[in-house]
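Below are two complexes that have chain A in common, paired first with chain B and then with chain C.
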Partner chain A sequence: MPPVCWKFIKLHENLAPWVPVVGLEIHAQITSNSKLFSGSQVQFAAPPNSLVSFFDASLPGTLPVLNRRCVEAAVMTGLALNCTINKKSLFDRKHYFYADLPAGYQITQQRVPIAVNGSLSYSLCIDNKMSQMVTKTVRIKQIQLEQDSGKSLHDDARSQTLVDLNRAGVGLMEVVMEPDMCCGEEAAAAVRELQLILQTLGSSQAIMAEGQLRVDANVSVHHPGEPYGVRTEVKNINSIRFLTKAVDYEIQRQIKELENGGTVVNETRAFDSKLGCTVPMRDKEGKQDYRFMPEPNLPPLILYDAKSLPANVNHQQVVNIDWIHERLPDLPSVKRAKLVELYGILPEHSFTLVNEDGLMEFFEDVVKRTQMKPKKVIGWILSDLLSHLKQHSLTANESPISSFLLADLLNLLENGDISSSAAKQVFEELWKGEGKTPLEIVKEKQLELIQDQEELEQICQAVIDEREKEVMAIKEGNKKVINKLIGLVRKATRGRANPLLVKQILEKKLSE
Partner chain B sequence: MTPRNRFRWRVMRVLALCRWLRGGTVRALRLGAAAASSAPPSQDSVTVEVLDHLERLALVDFRDAEGVERLREAVRFAERLREVNTEGIEPLDSVLEDRCLYLREDDVTEGNCTAELLKNAREKVEEYFVAPPGNIPLPELEERDTFLKGS
Partner chain C sequence: MESLGVAAKWRRPGVRCGAGTGREDGRSGVRRRGVGRHAARFSAPAALKEGQITPTELCQRCLALVRSTQFLNAYITVAEETALKQAEESEKRYQRGQPLGELDGIPIAVKDNFNTAGIETTCASNMLKGYISPYNATVVQKLLDQGAVLLGKTNLDEFAMGSGSTDGVFGPVRNPWSYSRQYKEKSIPRSDSEPENSNWVIAGGSSGGSAAAVSAFTCFAALGSDTGGSTRNPAAHCGVVGLKPTYGLISRHGLIPLVNSMDVPGILTRCVDDAAVVLGSLAGHDPKDSTTVQDIFQPFALPTLTDVSKLSIGIPKEYHVPGLSSEILAVWSKAADLFKNAGAKVVEVSLPHTHYSIVCYHVLCTAEVASNMARFDGLEYGHRSDMSKSTESMYAATRREGFSDVVRGRILSGNYFLLKQNYEDYFVKAQKVRRLIANDFVKVFGSGIDILLTPITLSDAIPYVEFIKEDNRTRSTQDDILTQAANMAGLPAVNVPTALSERGLPIGLQFIGRSFQEKQLLTVAKWFEKQVQFPMIQLEEVKKHDDGVLQHQKSASFS
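== the complex of A and B ==
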C-alpha cells in the first residue's frame, strides 16, 4: 500500500479521497566509451550513422560481445541502491518492429536481471518551505542492462522517417521503481536523487536534456481500501519540472474522468510540454506482445565476490562485486550528513548544497579561506550567491565571483572593516566581474566603517538635533523610534557606521 | 554449423515458440499440469487466431495448408520433450550455459563506416536511412488476402 499523499487528502476534503499511485521506469544511458555489445563509440551529436558498427546495423553474421564497463556500471548502481546483485543473470530478446530497431528485437534482461530488490531514499519539503523536510523511500524492483534503439526523425512533410543508428546499441540501465509514490513532487524528488547518485557514481551523467535519463511514469488512482485502478503510461517527459507537471496533470485527468462516470483506458499517453497536458499516443497498436525469448548468443552473466572468486582466472574476465563495493564513492546522502556534522549547518542547507551543481565545493572552498563561521558563510552562499546564480541561470562553477573573492569579502566583514550592508554593496560590484578585489572596491567607494568615535558622535548629534519629534517620542518612553534614528545615521554615513556602536552613542546622548 | 548444433538450434527455437504459446512463462520443461504424458494438444493451440496473431507479430506468411501443418509438426515434435520428468530440475535456457560470457574491454574499435552501411539502403537522405512514416500494421484478417481466411 503506497503512503497516502498529504497533498491530495487536503485538496479533496469534501469528496471521497482519491489515492494516486505513481510508478516510474527510468532508462539511464551508461557512461562508457563504447556500446553495450559492440565496439562503436558512444557520443552525443555526431554525424548521422558515423558511430555504427555492422552489429549495430544488424547485418547478418554479427554477434553481441558484452562490454565489461557496462556490467561494472550496473553493479555500482545496484549496490548504491541497496539491491541484491544476482550473481547469475540472463539476457533475453524483446521483439517488436520499428524503423530504429534494425534487428527487430532488443537485447534486455527480462527474466533474471542483474540487480533486484533495492530502495532509494529521497527528501522533500512539506508546504514549500525549506524548513520542514521529510524522508521517503521508494522500492526498486530491478535494474537491468539493455540496448538503446536508434533515433527517428519524423519528416511529416515528405511522409517519411529518417533513421540515425548512432544511438542504437548504447548501453542502458533500466531502473524499475515500485508504485510507492503518490504525486508529481515525490516522483520528481526521487528522480532528482537518482540523478545525483548516478552522477556521483559516474555510471551515467544522467542529463535529461540530452536523453541520457528518460523517465516514463505509470499513473493510476483508486479509493482507499479498494483495488488499484487502471493505469496509464506517460512518455515524452524531458525534464524534472515536466515530470511533476505531467504526473499531476494525469492524476487530475483520471480523477475528473472517473468522477464524471467515465473510465480510464489502459493506454500510453505523451506529455505535451507546450500545452501542459497528456495526449494519447497514436502509433501504439494495442497491447504489444513482445515474444520474449532467451538470447541464444549470450551465455549467462556470472559475477563473483571475494568468496566465490576462482583462483587462477584472468582478472580482465572477472567482475568482483566486493571489489566494486569497496570503491564506491560517498553517495549524496552521506555527503549531506558529513556537511551537517562538519560544519554545523542545517539539513535543509546541506540538501541545497548537494543539489546545486558545484555549490558544495564552492562553499567548502570559501570556508577554508575565511575566518567567518560556516553557519554565517552558508547564509551568503544560499541567499546572496545562489539567488544571483539562479537569476542568470549560472552554475557555481560559472559564477563571476570566485570562492577566493567571496572569502576575501567575508574576511573584511568578519574583521569589522565594513558593515554588512556595505558588504552587500561590494558583492553587487564584484558580481559585475570587472576584476577588482573587494578591498579595491571598498577603497574606491569609501565604504570602510568609520572608526573615529568623534566623527560618529558628531553625526549622531546632528541627527538628534534635526529630529526633535523623534527625540521627544523616545524620551517619553517609545524606545522603538531609536531605530529610525539609527537608519538616518546609516543613510548619512552611507552605510559606513557600525549599527551597534551608533545605537550605543545615541542611547547615551538621549539619556543625558 | 555442425548438424548437432543445427538440431540444438531448431529445438531452442521451437521451445521458445512452445513457451510463448503457453503464455510466456519460464516452464519449458517443468511438469506443472497433469498433461505430461497425455497426447499433446497441438491441435488446440495452433488456431486461426494464433496464426493470424503470428502473421501480424512476426510478419510471416503461412501461405497454405502445408505451411500451417509444418508449424503443427514442429510443435508436436517439441512437445514430446514433456514426456520427460523434469521435477525439481532447473530449465535449460542456453546450450552455452557452461561457457564463460566473454567480457570486452571498453575500447572504441568499430564504427566510422557510414558510406559502407548506406550502400545497403534503397533510399537515403543526407546519410540518414529512410523509412516509412510509421509502422504500417498488417490489415485485419477480413481485409487480408490470406489462406487463413478459409480455415
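== the complex of A and C ==
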C-alpha cells in the first residue's frame, strides 16, 4: 500500500476532500560513449544526422549488439535504487510508426526488465521551512533499458517534417515510479533525489534542460477510501520547477473538472511552461496497440553475481552484479549522514549541501583550509554564499569567490583580525571578483580590529564619560544597557573593535 | 582435428607456393589444417592451381553461361565488371603463388536478400528496387576475403516469402532441369497447341535462383537463405546439395530477415564436400550478430566413411505425410535400405509434434514479418510513394506500392497475431508448440539416433503452370511441411540429390543432424552421395561453353 498522503485537498468546506495520486515515468539518457545497440557516438548538439550508423538508420539486415556500458549503468542505478537485479532479462519490440523511429519499433524491456521492486527515499520540507523536513519513500516498479528515438521537427508552413537521427538508439533507462506521491513538490523532490543519484553514479548526466532526464507524470484524484480516479499523463516537462507546477496544476484542474460535474479523460497532456497549464496533446500514438514481440536478434541478457559467475569466463563478456555493488560510490543519503556526523551540522543543512550543485565540495574545501569550526562555516556557506549564488542563478562551481578566498576570509575572522561585520564587508568586496585577496581588502579598507588595548581603553573611557545616564542605569543594576555602550564603541571604531574585548573593558571600568 | 602435417600434402605439385606461404598468415594455418586433405574438391580449384585455367578465364566462362542461360531468370543482377576485377586480383595471387585458399578465384552467386556493397540488393521487391547497400553481409565479406568471385545476385520470391521462386517482381525462376536431356526425353508434350516451353518446371524456393545458378553450372557455389526450407527445397528440385546449417553457426548480419529466429544462410553446391568447404569459410562467431555462438569454429575436411555400422539412422514416421508421392516414398525407403544393407542401424522414430509445425510456423513467421517489414516506410531508403498529403498517407501508399499481396498478406496476419488481445492465444501458444517440436528432436537424438533421414519435397518439381494454380500460402504450407521443423529446432539439415523421377527430374532426400554436428551430418551425407551416384544434368547450353572444367564428374573429383 502506498503511504497515506499528508495533503488532502479540500476546495469547498461542504464537499469531501480529494486525494491526489502522482506516479512518474522517468527516462534517463545513459552516459555512454556509444549508443545502446550500435557503435555510433553519443553527443549532445552535434550536427543533424552526423551520429547515425547503419543500424540506427534501420538499414535492412543490420542487427543490434548490446552495449555493455549501458547494461552496467542500469545495474548500478538499479542497485542504488534498492532494486532486485534480474539475472535474466529480455528485450522486446514495441511497434509504432513514427518518422523518428526508423525501424518501426523500439527495442525495450517490456516483459522482464533488468531491475525491479526498488525504492527511493527523498526528503522535502513542509511549507518551505527548512526545519520541518520529512522523509518519504516512493516504490520503484522497474528500470528498463530501451532505445531513444530520433527527433522530428515539423515545419507546418511548408508541411514538411525534418528528422534528426543523432539521438535514435541512444541508451535510456526508464525508471517507473509507483503512484506513491501526492503533489508537485513530492514529485519534484523525488526527481531531484533521483537526479542526484544518477549524477553521483555517473550513469546519466541527468540534465533536464538537455533532455537527458525526461519526466512524464501520471496524475489522478479520488476521494479517500474510493478507488483511484482516471489518470492523465503529463508530458513535455523540462525542469524540476515546471514539474511542481505541472503536477499541481493538473491536480487542481482535475478536481475542478470533477466538482463541476465533468469527467477526467484518460489522455496525454502537455505542460505549457509559458501559460503554466497543461493542454491536451495532439496524440501521436492515439489508442495504439504496440504489438509487443520478443526481440529475436538479442539473446536473453544474463547477469552474474559472485556465486553464479562461471569459472574460466572472459570478464569482458560478463557483467558481475557483486563487482558493481562493491564499487558503488557514496549515494546522496550516505553523503548527508556523513556530513552530519563528520562536521556536526544539522541534517537539513546537509540536505542543502548535497542538493545544491557543487556546494558540498565547496563547503568541504573551505573547512579543510580554515580553523573555523564547520558548524560556523556552514552559516557562511548557506546564508551568505548560497543566497548570493541564488540571486545570480549561479552554481557553487561558478562562484566568483573561490573556496580558497572564503577560507582566507574566515581565517581572518577566526583569528580575531577582523570583526564579523567587517567580514561581511570583505565578502561583498570579494563577490565583485576583482582579484583582491581578503587581506588586501582588509588593509585597503582599514578593517582590522584594534589590537592596541590602551587605544581601546581610551575609546571606552571616552564613551563612558559621555554617557552618564547609561552608566548610572548600569550601576543601578540594568545590565542590558551595556550593549548600548558596546554599540557606541563599535560605532566609534567603525566596527574595528572586538565586541567581547570591548565588553570586558567596559565591565571592568564600570565596576571600578 | 587433423595435424599440421597435412600442410605438406596441401602443397600439391604444380602449385607454386612462395616460400613460407601461409605460414605467416595465421588464418591460413587454420584453413590448411581444416581442409587440407581434400584440396581438390572443387574441380575448378584443381584446374586453377594446376594452371589449366586462370581465374579470369573461369569467370568469363561462367559469365558466358549466365548469359546463355538468361532464360532461366536465375540472376537478378549480374555484376560482370566487379566479378572480372575480382578474378583479375585472384589471378595475380595465383601468379604470385599465394592464393587465399580453397575459394580463391571461384565464381559464386549470392541470393538477392544478402547485402552487397555497391551491387543492388532488391529482395525481388519493388520496395528495394535500385537499393544499393553501403555494406556487405558478413557471409559475403567472408567469401570475398577468401578470394571468391561474386558473379551476381540470384532471384527469389519477394523477401524470400515463397516456395517456388515464382513470386518475385522479376518473374519466376525456371528449373534448369526443364531443359535437360533427361527431362525432355521423358516428358510428353501436353498437346500440340501448347508451346514447347510451357512444360518448364519450377525451381523451388525461395532460393530458386541460387539453386538454378549452381545447377546450370553458372557458378560453383551459391548462398541461399533457409527459414522454412528455402535452401533445401530448391536444392532438391534442382538436383544440388543444399545445406541449412545450425542456427547460430553462421552470421545473419546483412541477410535481410524473413524470420530472425529461424533464418540461416544456406549453402548450395554441387557436392557435399564443396558444401563443407564453403561452410568452413563462413562459420563462426560474428560480433555483429549476437545470436551467433561464441565457440571457435574449426573448419573440417570430410572423412570418407567406409563403415556405417556404428551409425543409427532415424526414420521419423510423421514425415510419411498425406500427399507424399509414391515415387518419393520409394526413394526414401530405398535410401533407408541402403543404410540397413551397409550395416547401419535404421530405426523408425517418432517426432509427434511435427504436424503442428505448419500452423505454428505460420503464426511465428507472419508475426516476425510484420515486425521486420515495419522499417520499410519510404523514409530512409527504398521506394517512396509520391503521395505527400501526410506522413501517414505516404507510409500507406509506399507500402501498398512497394509490397506484393503476398508480403502484405503476411504483414496483416502477423499484426493480427501480435495484437494485445491475440498475443497469448496465438504467438505465445505458437512459441510453446515450437518448444515441443524442438523437444521432439532432443528426445530422438537423446535416444541414440545420430541422423534423421526424411523426404524433403512431396514430389518432384511441377510445371509452373500447375504451380500457380494454388496461391502462395497454400504452396508454402504444402512445400515447407517436411523442411520447417528443422528450422523450428534450429538443427542442421542437408538436401542430397538422390535419384531422378520418372519424369527425369531430381529427387532429393534430407538428412537432419544434431545441433552443431555439421561434420557428422555431412560425413554421412557424403557417404550417401557416393552410394547413390546421382546423375549429372545434361544441358545443351552448358556443353557449348564447357570443355570439362565446369561439368566435373563428381565421382572423379573425390580423391
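In this text, the second predicted complex is superposed on the first by the 444 of 512 C-alpha atoms of A that agree within 3 Å, B and C clash if a C-alpha of one lies under 4 Å from a C-alpha of the other, contacts with A are read in each partner's own complex, and residues count from 1 in each chain.
The criterion applied here is as follows: a residue touches a chain if its C-beta (ideal position, glycine included) is under 8 Å from a C-beta of that chain, and two chains touch if they have at least 3 such contacts.
These numbers come from a predicted model, not from an experiment.
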Clash or fit, chain B versus chain C on superposed chain A: clash
Partner chain in contact with A:Thr62 - chain B first, chain C second, else both or neither: second
Which of chain B and chain C A:Thr232 touches, first, second, both or neither: neither
Residue contacts on chain A - larger count, chain B or chain C: B
Which superposed partner A:Tyr105 touches (first chain B, second chain C, both, neither): second
Which of chain B and chain C A:Leu153 touches, first, second, both or neither: first
Which superposed partner A:Asn33 touches (first chain B, second chain C, both, neither): first
Footprint overlap on chain A, comparing chain B with chain C: 54, 57, 59, 65-66, 95, 97, 99, 159, 161, 163, 289, 291-293, 296, 298-299, 317
Residues of chain A touching chain C in the complex: 54, 57-66, 93, 95, 97, 99, 102-105, 159, 161, 163, 289-293, 296-299, 317
Contact footprint of chain A on chain C as seen in their complex: 114-115, 121, 123, 128, 131, 133-135, 137, 252-257, 259-261, 287-291, 294, 367-368, 370-371, 373-377, 379-381, 388, 391-392, 395, 415, 418-420, 423, 427
Footprint of chain A on chain B - complex, ascending: 9, 12, 16, 19-20, 24, 26, 53, 57-59, 93-114, 117-118, 120, 125-135, 137
Residues of chain A touching chain B in the complex: 32-34, 38-41, 47-55, 57, 59, 65-71, 90, 95, 97-99, 111, 152-156, 159-165, 282-283, 285, 289, 291-294, 296, 298-302, 316-317, 319
